[in-house]
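For reference, the structures are reproduced in the following blocks.
Shared between the two complexes below is chain A, which has chain B as its partner in the first and chain C in the second.
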Partner chain A sequence: MHKRISSLARLGIFAAIGLVLIALSGFVDELRVYQGAEVAVYVVAIASITLLTGYSGQLSLGHGAIMAIGAYAATLAFNGWHIPWMAALAVGALAGAVAGYILGFAAARLSGPYLAGTTLALAVGIPSLANQFHVLGGEQGLTFDIGDVPTWASHSWLAKIGHGDFTTYKWFYWITVPIALATIWVVRNILTGPIGRRFKAMRSNPTAASLIGIRVSSTKVAAFTYSSSLAGLAGAMLAMILGLSAPLVFTLTLSFTLVTGAVLSGVSNLYGGIIGAMVLVAIPELSASVATHLGGSEKVTANLPGVVTSLLLILTVLILPNGARVRRSK
Partner chain B sequence: MLHIWGIEMKTILETLLIGVSSGSIYSLMALALVLVWRSTRVVNFAQAGQAIISTYIGYESMKHLHSYWYSVLVAIVAGAILGAAVEAFVMRPLAKRVRGSAAADIAPVIATLGILGLIRGVAGLIWGNTFVQYTSPLSGKGYTFGSTTIQFSPQNAAIVIGAALVMAAFAIIFNFTKLGLALRASSFQPEISRLAGIRVDRIRVIGWACAGAAGAVAGALVTPTAYLSPNSLDLLLVSGFVAAVIGGLDSLVGAGIGGVVLGIGFAFILQYIGASVTFLAAFIILIFVLLVKPAGIMGKSGGRSA
Partner chain C sequence: MQVQRSTSRRISIAFAALTALALVSTSMPANAFSPHSEVGVSGSTIKLGISVPLTGAAAPGYNKVPYAMKAYFDYVNANGGVNGRKIQLVIKDDAYSPALAKSVTNDLVLKDKVFALVGTLGTADNEATTKFVNDHKVPRLFINTGFSGFASAKKYPTTFPLFPSYAMEAKIMGKYIADNFPGKKVALIYQDDDFGADALKGFATAGTTFVAKIPYVSASQSDPTVVGKWIGTIVQSQADVAIMFGVSSATAAALGGAYKAGLAGKVQWILGSVGSDPTTIKTLAPTALPLLTGAIAASFLPSPADSSDPYVKLFQDVNAKYNNNAVFDNNVLVGMNTAMLTVQALRAAGKNLTRASLMAAISSKGSTWASAAFSPILYSGTSHVGYSGYWFGRLSGNGDSTPVDGAGKYVLYTTDSGSGAVVKATINRPALPEKGLPNN
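On to the complex of A and B.
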């Protein structure tokens, strides 16, 4: 496969990349910085799909709902217990993991289209719950305001690189980028370790996997739990950068978007997720500029991104049904 | 006391009728999913999109034909053509590419999701994301008996009758015609059917066309009771899937029964608990059916892995 780099060395490389990315935030305008934070959120969300679909072979259309669970848990914990935002994000990941653990028991007994359809029902069902319970804030949702940028960050040497004020958007970027990099590092270690090998064995041939002593159903539950904890974390991050958790954020379209991002990056390609995330953020902006160039109406601006993403999805599946980089386990 | 009891009975009867009406729509959607599942072993998540386009085409044709009923026919034909096109131009090439690979299970599902997104986007580009009204000549006001008016309108009656007619038509086609035999044979054993001279690929296209037509009927009948927008039928997809699973994904009769059972269930939840829990209830029903009786109420027992 690849040259062997120890995971500790990789951690060092990632930390260096992270520092460079953060330093770069001084040189671009606020919109780009915010988009950078969006990309970081999508990287985590796509990693959750990659782990589940790419490695354990289960397809979930309900990860938008898991993200909603993570987002609401983080928001409620942050507002209710007055804990630091970092702890709130952890609560989001934990809530996602619990949801995934429960869902995993059902999922372990379902295959292919049944799992897809069941998770689809979840994707529709969970966000609408916000309207049922007052504590969830109804259609308006709940605000998630992490407050001003702490002085240790805005007065640090890193903040002095480049120009411009230290805005909240920049702070979001500073928070989300290291989390995204850490996620990739952790997931990579999981997937190249014994757990990842178990996932791959189960995906390639469940019968053979069970014959060599892998307990298929508990492995499936484990895959769902890991994946959902990432989805919960991504949901909490999304709520943080948007400043709110609301049902309108966690639509069916979000769940589909995540699957699209994962497929575009090659479902079993962890690093590809970064490209997938960038495509997801870039498409709406690119198509908006194309739409205005065409002198387009609101119709075009609103629908072109969906058309482009869906076309990309169909073409990717038709041309590279097994993912952009096929890695067959031998 | 008797009076209160009377009101209660009226509410229950109304809820039941509304449930049967919306359940008929779920049955049609479930029927569409079952037809595709039987012909190609794919759950067609694009069904909602196909139904939307056919309904929009019906809506457009009504401007020229000035008749709702003719426009429903146009929608049905459009739905059939679209269904056939999706199978012939996307799903069949894809199935040939992924046969035997690790992605064989997942790639078709993702492709149908892509088609759903594409159709919704295109519908939005053409007709915009605002609600339009596709009206039927039938009244949307409830029937009146003496001094009480119930919530069940002539359009609701048309939905129930229309769904029943479509179901009956498919039951006859499947059980009493050569085409039906070919459809059943090629879903049961494609290789052997091929050897017996059935053109399996062509039969599959017909299966998708039938499904597209059934979905179009659902869209064209339900839309006059609400509005039409590029994603107004999305929730119908979820209900249709749940209904199909309740009935056993393989059974046409099951799709019919599953839809009505789900419709009545939803109507009572809506009446007595609240709208926001209906889809969570759908999820719980789905999990329950899949874990307790995975083959559905009309399915044969035995494994159910795709």
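On to the complex of A and C.
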């Protein structure tokens, strides 16, 4: 009973934070609003890694591929069935869940480096499928245009706070921020409930877990399914704010970037994912100003973010080798 | 554990603080105190932006375009600029990826706050940024793509394509083949996106039939097995003529592959204007040289090796002085020509430069401006169509393209992107302004 109340109270706090964040969008320029939407997308994507790796103890290097599946499913559903964007995002999450469910069966038989290798192969292979099937739009991808900002949003009292026009990017921010907060709330509830306890038991010691009656393989499948539905949702959100699903959006780099974001924030730290997401969005900008100050060429600017991301990953692992274990002692 | 947790927290806080600081510090508008109200224009500068592939499969050759533009702008700046303002060009790499083009265009418009985009390259890349550019009413001038769709003023109100469309090019090429290679078997290799689709449309209008049509995904040209399949299909189809409609790196791959397969001298290659820069091709695939020599290429600008052409001569001089004497090829020529038109557009838009006055100036006066191309420019209040014609040249290994009828004998064919006829047109090009500095 106590738990239920605190969870509802948390929902209230999250709603209040959401309102404040949305009101803030009236006071910053359009680039920051867009970056805010990017942060929201990364928060959802990192939450999917946190759930899988941080809690159920399975490693995936292929979440970029699951994001691609979610993105293409949402785009195809939106363009083909003419459904509302909200339903399209749900289709993305569902497609991710289905992919995760299938992947989970493979994952149940694999562990450690074998699982990492399998998921890595997915990250390489899946996005290039778009080049094989015409319906997926090839290299150029598919447009995902949710259209103009609805008047109920641009004329709402919230929109009157601050200044500036109600741009499409602001609308993306309005959509993605509540989704990100809702994701954290839901994932937190899952992880603190019976499912989360099963995940943790399995992560700590699979043999012991099965001795107390936890079915390890179906728990692994469940973890992959939950996690992938979030990755699918994040992919659909990314396609929406980019206005495009294309193979080059979902590169191997994206998969690694997500893992970096999760590791940066402590892989089992759900709230830390917000910081991880902010750092990921800030890296290209920081790199660009560093490269400009050093007088580097445009090519240096283009390649520096990758180097910085990799360096951060290495440094985090070196400085906090057991970062993921910190919260386990709780 | 406790120690580790506090370390972890401290690091997290440090990250958060650094991030916040970085975001705030880069939020400061660069021209907050500018007396002029238009974005990207101050009392002394005009800031323009370009997104091009500087890395990746399409980069070879194209990566020279923005620097050639910059060189010509530097030349104009050194001679007083435009109405007292100096032109700055912000160059960003999009690696020929629509997704990256989208994000760097965001940066150019929202962070660098450029006045206009100029010469942005690639059909898919320009498509990906269209909604954003339209929403923000950012002028997008003289884009480096020939997709005929961009000429729709309704769909792309702020976009002014310059190159003749791929549909025009394919139609003209179809007519040229029908006239010069009647009854021959023709094969076509093309990039499988809107670029290729536009070409297929043109060939269909011209009534060209193919013994083999070979689509490929952009960037797959770096895969030898893919190229092997192209050549295998050409050999199997027993084609006499092979048309290449792709970027220069794809042409290089195809010619290199064809040489290995022993096709030298057996197939007449005809190259689309996008991928026919000999300097780029022979740098990428030296083995392609025997096939490159004698290949026929469609062009709308004069041959870069033709120093007797006043425009080419001027651009060669500017290249020597302001572009570190880069190898002078089609890409440099395209870049400088685009920059010269940009300067005329900026001048015509007047001292009180705004995005609206710039676009109005192009519509009303663009058709009269000096440019190196042989075909007229067709901008008007109702048309966003730029050039409309091509001539055919035969390539030599040293980068020279000599008109097929003999040196200096440029024969221009013009047409439209629809069902209009292909006609031989007389060349009536505006004279080069004195010292190549626009005085419009």
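Just so we're on the same page, the second predicted complex is superposed on the first by the 321 of 330 C-alpha atoms of A that agree within 3 Å, B and C clash if a C-alpha of one lies under 4 Å from a C-alpha of the other, contacts with A are read in each partner's own complex, and residues count from 1 in each chain.
We adopt the following convention: contacts are C-beta pairs under 8 Å (C-beta built on N, C-alpha and C of every residue); 3 or more make two chains touch, one makes a residue touch a chain.
Here the structure is a predicted model, which is why all the values come from computation and not from measurement.
With both complexes brought onto chain A, simultaneous placement of chain B and chain C is permitted, the two fitting side by side without a clash. When the shared chain is aligned, chain B comes close enough to touch A:204, but chain C does not. Looking at the shared chain after the overlay, A:302 reaches both chain B and chain C. When the two complexes are overlaid on their common chain A, residue A:67 makes contact with neither chain B nor chain C.
In the superposition on chain A, contact of A:286 is made with chain C only, not with chain B. Once chain A of one complex is fitted onto chain A of the other, the partner contacts of A:259 are limited to chain B, with no touch recorded for chain C. Note on the composite model: angle chain B-chain A-chain C, taken at the C-alpha centres, equals 70°, rounded to the nearest 10.
Look at A:129: by the touch rule set out above, it reaches chain B but stays clear of chain C.
In the superposition on chain A, A:30 contacts chain C only, with no contact to chain B. Contact with neither chain B nor chain C is seen for A:240 once the two complexes are overlaid on the shared chain.
For the pair chain B and chain C, the least inter-chain C-alpha distance in the overlaid model is 5 Å.
Common to the chain B and chain C contact sets on chain A are residues 131, 298-299, 302-303, 322-323. Chain A makes touch with chain B in their complex at residues 53, 57, 59, 61, 106, 109-114, 116-118, 120-122, 124-126, 128-132, 203-204, 252, 256, 259-260, 263, 267, 298-300, 302-307, 309-311, 313-314, 317-318, 321-323. Touching chain C in their complex are the following residues of chain A: 28-32, 34-35, 131, 138-141, 143, 145, 167-168, 242-244, 246, 248-249, 264-266, 272, 275, 278-279, 282, 285-286, 288-289, 298-299, 301-303, 319-320, 322-323, 325-326, 329. Of all the residues in chain B, the ones that touch chain A in their complex are 37, 42-43, 45, 90, 93-94, 97-98, 101-103, 105-107, 109-111, 113-118, 120-122, 124-125, 128-129, 230, 234-235, 237-238, 241-242, 245, 249, 274-283, 286-287, 290-291, 294, 304-306.
Listing the residues of chain C that touch chain A in their complex gives 1, 4-5, 7-8, 11-12, 15-16, 18-19, 22-23, 26-27, 54-55, 91-93, 95, 97-100, 102-103, 106-107, 110-111, 123-124, 127-128, 131-132, 135, 192-194, 217-220.
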